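One chain, chain A, appears in both complexes that follow, with chain B as partner in the first and chain C in the second.
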Partner chain A sequence: MIQMFAQSFVNGVNLGALYGLAAVGLSLAFGVMKMMNVAHGEFIMLGSYIAYWLFMLFDIDPFLGIPIVAFVLFLIGAVLYKLLFSGMVTFHEELKLKNSLLVAFGLFLVLPEVAKLLWTGDERMLTPSYSGSSFGLFGVRFGYVPTIGLLVSLAVITLLQLFLNKTYFGKSARATADNWKAAKMMGVNDARTYIITFAIGAALAGIAGVLVGLSGALTPGMGIGWTIKALIVVVLAGMGSIGGAFIAGLILGVAEAVSAIFMGPYAITVGLILFLLILMFRPQGLFARG
Partner chain B sequence: MLEVMDINVFHGDIQALWDVSMTLQDGEIVTLIGANGAGKSTIAETIAGFIIPASGSVLFDGVRIDDEQVHKVVDMGICLVPEDKGIFPSMNVLENLEMGAFTAKARKARDETIRTIYELFPILKIRSKQLAGTLSGGEQQMLAIGRGIMSKAKLLILDEPSLGLAPQITEEIFEVVYQIHKTGVSILLVEQNVHIALGLANRAYIIENGRVTKHGEARALLDDEHVMDAYLGTGM
Partner chain C sequence: MISMTKRSKQASAWGAAVFLLMLVPIVTLRNDVLSFLLTFFLYITLAQSWNLIGGYAGQMNLGHGAFFGLGVIISRHLWLGVGLPIPLAIMGGALAALLMGLIIGIPAFRLKDIYFVMGTLVFAEILRIIVYTNLPRASVMPMNYLTHYSLVPRYYLSLVVAVIAIVVMYVISKAKVGLGLTAIREDEDAAGCLGVGLLRHKLFAFTVSTFFAGMAGGVFAYYSVAVTAGHMFEHLWTFDAVIIAFVGGVGTILGPVVGAVFFAFLKQFLSMYMPEGVHVAVFGVLFILVVLLLPGGLIELIRKIRGR
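The block that comes next holds the complex of A and B.
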C-alpha cells in the first residue's frame, strides 16, 4: 500500500511539474500584461509538433531540441503579439482582458487547423529509444522520460526565477506587473517589455510542449486540455504569481495521481473540484500576496 | 531648461488645460499651486510624456518632448514622482530603488546613489528588504522620492509629496527636497501646501481651472493679497 502511494506520489510530481511548467508562461503573461491568452495550450501543441518534426526530419533528440523549440515559439509568440495583441495595451484593464480573451479564442480556433494542414489529424508519437524504460529505486519505478522532464522543468523554473529577480529586464517586467504606469516613469519601455514577456510565455509553452509530447499522443486538438489545466493552476496559485504557479502545478499533479488510487478515472475531476473550492473560499489564490 | 508653451490638453471631450505656459530655468525650484482639480497634475503628466497636448509644445533643453514616449523623456533627464507615489508594492525597498536607476546613465551610479539615499532617509536602509507595499504612507513617500533621485534626473517633478502625511514627516521630506536641489537638480514642485511650497521655491505659478492665473517670484506671491485670500485663508 505504502509502495502504491509512493509510486502515485512520484507520478504525481512528474505530472505536476508538467502542469506547473504549462502554467508559468500563462501566469507570466497575465501578470505583466493583464491579458489572458487562452490559446496558451495551442502554443504547447505547436511545441510538441515542432519537437516531433525535429525528431522525425532531423533526428534531433527531443530533450536536446528544447532550445530550438523554445526559440521558434519565442518568435511565433513575438509575431502573434505584434500582429494581434499589441494594439490593446492602451486599453482600460477590463477592456484589455476581454479583448485579449476574444483574440486568443480566435487563435484557439485557427491554430489547430494550421496543425491539421501541417501534420494531419492523425495521432503522432514522439518516442525516442529510451521512452518507456525506467529504473527502480526503493521499490518505486522512475521512468527516464518523466524523470528527465522533471529535471528540465526544475531547471527552467529556476532560470526563470533568476531571470525575473536578478536581471534588469526581469525586474522591469515585475515592476510593470506591479504598477505599469510607475514602471514607465522609471524609463521602462513598456512596448518592448510586453512583446518580450509574451514571447517568453510562448517559449515556456513550447518547452512544456516538448515534455507533453513525450508523455502522450500528439493531436491538433490537444491544446485546450492543457489550457484548462494551466488555468486551474493559475487560479490555484493566484493570478500572476509565477513561482506559485509551479508549486500549484505540483499540488494539482500529486492530488490527481494520489486520488486516482481511490477514484480511478474520476481523478480528473479533482482538479476541477479544487478549482471551484479555491474560487469559493480563497479567490485570490494560495500564493497571492496581500 | 524647461519651456511649456501654450499647451491645451483634453481629458476625453473635456478641456483640462487652456493655453498653459511656464518656464523653469536650470537650478530653479518652481512650484505649481492651485486647488484640487485645477490641472496641476495634468501639467506634470504632460511634461513627463503621459499626456500628449492637443496643441502647444514642451521643450526640454531646447528639444521638443511633447510627442515623445515616456521612456525617452526619462532618458533625457526628467523624472516624475507621482501623486499616488507609484511604488512597486510586491518588490522590496531595495528593488524599488534599483528600478529608479533604470536608465543607462543612472545604472552606472546606482550603488553610490543608493548610499546617498540611505543617508537622506535612514529608515529606508532599515526597511531595505521589506516589501514596499507594507511601508507606512510617509515611508512610501520617502521611497518614491528616493527612487526619483535614483534616476539621476536633471529635472525632478514632485507631484504633491506632502499629500496625506503628518506635518513632521512633511518637514523631513521637504528638507530632503532642499538637499537634492542643492546638489544641482532642478525641481518642479506641485503642491497644495502653499506656505511650504512658496517658502522653498524660487518662482511659482498659480493654476485655476486649467489656466495660469498668476505667476512670479515665490516671495512676492507670499505677500500677494489674492494668493493669501485664496490659499492661505488669512484674508478674513
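The block that comes next holds the complex of A and C.
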C-alpha cells in the first residue's frame, strides 16, 4: 500500500513538473502583458510536432533537440505577436484582456488545422530507444524519460528565475509587469519587452511540448487539454506568479495521481473542481503577492 | 413615421424569408437540401442563444456546449427512453438546461471577466469528462422509429425553434431588461450604480440563453439517428456559436443570422473542394480579422458598403 502511494507520488511529481512547465509560459505572458493566450496549448502541440520532425527526419534525440524547438517556437511567438497582438498594447486593460483572448481563440482554431495539414490527423509517437525503460529505487520505478524530463523542467525554471531576477531584460520585464507606465518613463523599451516576453512564453510552451510529446501520443487536437491544464495551474498559483505556477503544477500533478487510486477515471476532475473552488473562494490564487 | 415604415419593411422582409423557407419541403424533398437548412437553423438558434449572454450582456460564456449537450441527452432520453411525445421531450431538455443554468449561474456570476470565461470553460470540461466516462455508447434510434423517419417534421421543428429564438431575443433586446444587459456590458460598475440589478439581469439572460441552447439540443436529438453523448458535450458546439455570433456581428439580432448563413454556406462550399476541417481554419482566420479590424462583424461591413 505504501509502495503504491510512493509510486503514485513519484508519478504525480513527474506529471506535475510537466504541468508546471506548461503553465509557466502562460503565466509569464499574462503577468507582464495582461494578455490571455488561450492558444498556449497550441504552442505546446507545435513544440511536440517539431520535436517529432527533428527526431524522424534528422534523427535528433528529443532531449537534445530542446534548444532547437525552443528557438523555433520563440520565432513563431515573436511573429504572431507582431502580427496579431502588438496593436493591443495601448488598449485599456479590460479590453486588452478580452481582445487578446479572442485573437488567441482564433489561433486556437487555426493552428490544429495547420498541424493536420502538416502531420495529418493520425496519432504520432515520439519514442527514442530508451523510452519505456526505467530503474528501481526503494521499490519505486523511475522511468528514464520522466526523470530526465523532471530534471529538464527544474533546470528551465531555475534558468528562467535567474533570467528574470538577474538580467537587465528580466528586471525590465518585471518592472513592466508591476507598472508599465512607470517602467516606460524610466526608459524601459516596452514594445521590445512585450515581444520578447511573448516569444519566451511560446518558447517555454515549446519546451513543455517536447516533454509532453515524450509522455504520450501526439494529435493535432491535443492543445486544448493543455491550455485548460495550464489555466488551472495559473489560477491555482495566482495570475502572473511564475515560481508559484511551477509549485502549483506539482500540487495538481500529485493530487491527480494520488486521487487516481480512489477515483479512477474521475481523477482528472479533481484538478478541475479544485480550480473552481479556488476561483470561488480565493481568486487571487495560492501564491499571489500582496 | 419614417422609422415605422422602416420597421414594417423589416418585418415584412423577415416574414417573407420565413414564408419562403416554409415552402422548401413542398418544392423539394432532397435530403441534402433539407439537412443543410435544418443545420443552418440549428446554428441560428445556438448562436442567437449564445449572443444574448455573450453579446448583449458581454459575459463570454465558454460553457454553452454543455447546455446544448444536456438538452440533447435529456430530451433524447425523455423521447426514446420514457416515451414522451417529442414536443414535451424537447421542453424537458430545455428546462433541464435552464435549471443547470440557474445552478451554475449563481456561483459563476461571482466571477468577472477572464475568471468567468475560465470558470465556464472548466465547468463544461468537467461535464464532458463525466458524460464521456458514464455514457460511452451511442444512442441509436430504434428500428420502428427509423422506418418512419422523415426529415420534413424535423425541418419544420428546427425552423420554428430558430424563429422563436430570434423573436424572443428581439423582444428582450427592445425591452428594459435588454437595455440593462447592454448597460452591464458597457460598464458594469456604472450600471450597478444606476440601479441595474446585476445578478438578476445576468441570471435572466443566462437562463434564457441556456434554455434555447437546450432547445437546440432537443432539435438535434430528434434529428440525429445516432447520438454519442460525449460528442454532444464537445467544446466545438460552443465555439461554433461564438464564431457565428462574432463573424456576423456580436450583440445584434441580425448578426447571428448573417453569421449562420455565411458559416453554413462557406462550410458546405469548402467541404466540397478542400480536406475536411479546413473550414475551421478559414473561420479562425476570419474570426481574428473580425476581432482586429471589424468589431461589428459582417453586418457592419454590409452597412458600410450600403452607406457609401
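In this section, the second predicted complex is superposed on the first by the 290 of 290 C-alpha atoms of A that agree within 3 Å, B and C clash if a C-alpha of one lies under 4 Å from a C-alpha of the other, contacts with A are read in each partner's own complex, and residues count from 1 in each chain.
In this text, contacts are C-beta pairs under 8 Å (C-beta built on N, C-alpha and C of every residue); 3 or more make two chains touch, one makes a residue touch a chain.
Keep in mind that what you see is a predicted model, and the values were worked out from it rather than measured.
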| item | value |
| --- | --- |
| More chain A residues in contact [chain B versus chain C] | C |
| Partner chain in contact with A:Leu109 - chain B first, chain C second, else both or neither | second |
| Partner chain in contact with A:Arg174 - chain B first, chain C second, else both or neither | first |
| Chain B versus chain C as contact partner of A:Lys184, first or second or both or neither | first |
| Touching partner for A:Met1 - first (chain B), second (chain C), both, neither | neither |
| Which superposed partner A:Met280 touches (first chain B, second chain C, both, neither) | second |
| Common interface residues of chain A - those touching chain B in one complex and chain C in the other | none |
| Touch list for chain C against partner chain A, complex | 60, 107, 110-111, 113-115, 117-119, 121-123, 125-126, 129-130, 133, 235, 239, 242-243, 246, 275, 277-278, 280-281, 283-285, 287-288, 291-292 |
| List of chain A residues in touch with chain C within their complex | 36, 84, 87, 94, 97-99, 101-103, 105-110, 112-114, 116-117, 224, 228, 231-232, 235, 265-266, 268-269, 272-273, 275-276, 279-280, 283 |
| Chain A contact footprint on chain B (complex, rising order) | 48, 50, 69-71, 74-75, 79-82, 86-91, 95, 98-100, 102-103, 107, 131, 133, 147, 151 |
| Footprint of chain B on chain A - complex, ascending | 168, 171-172, 174-175, 178-179, 181-190, 289-290 |
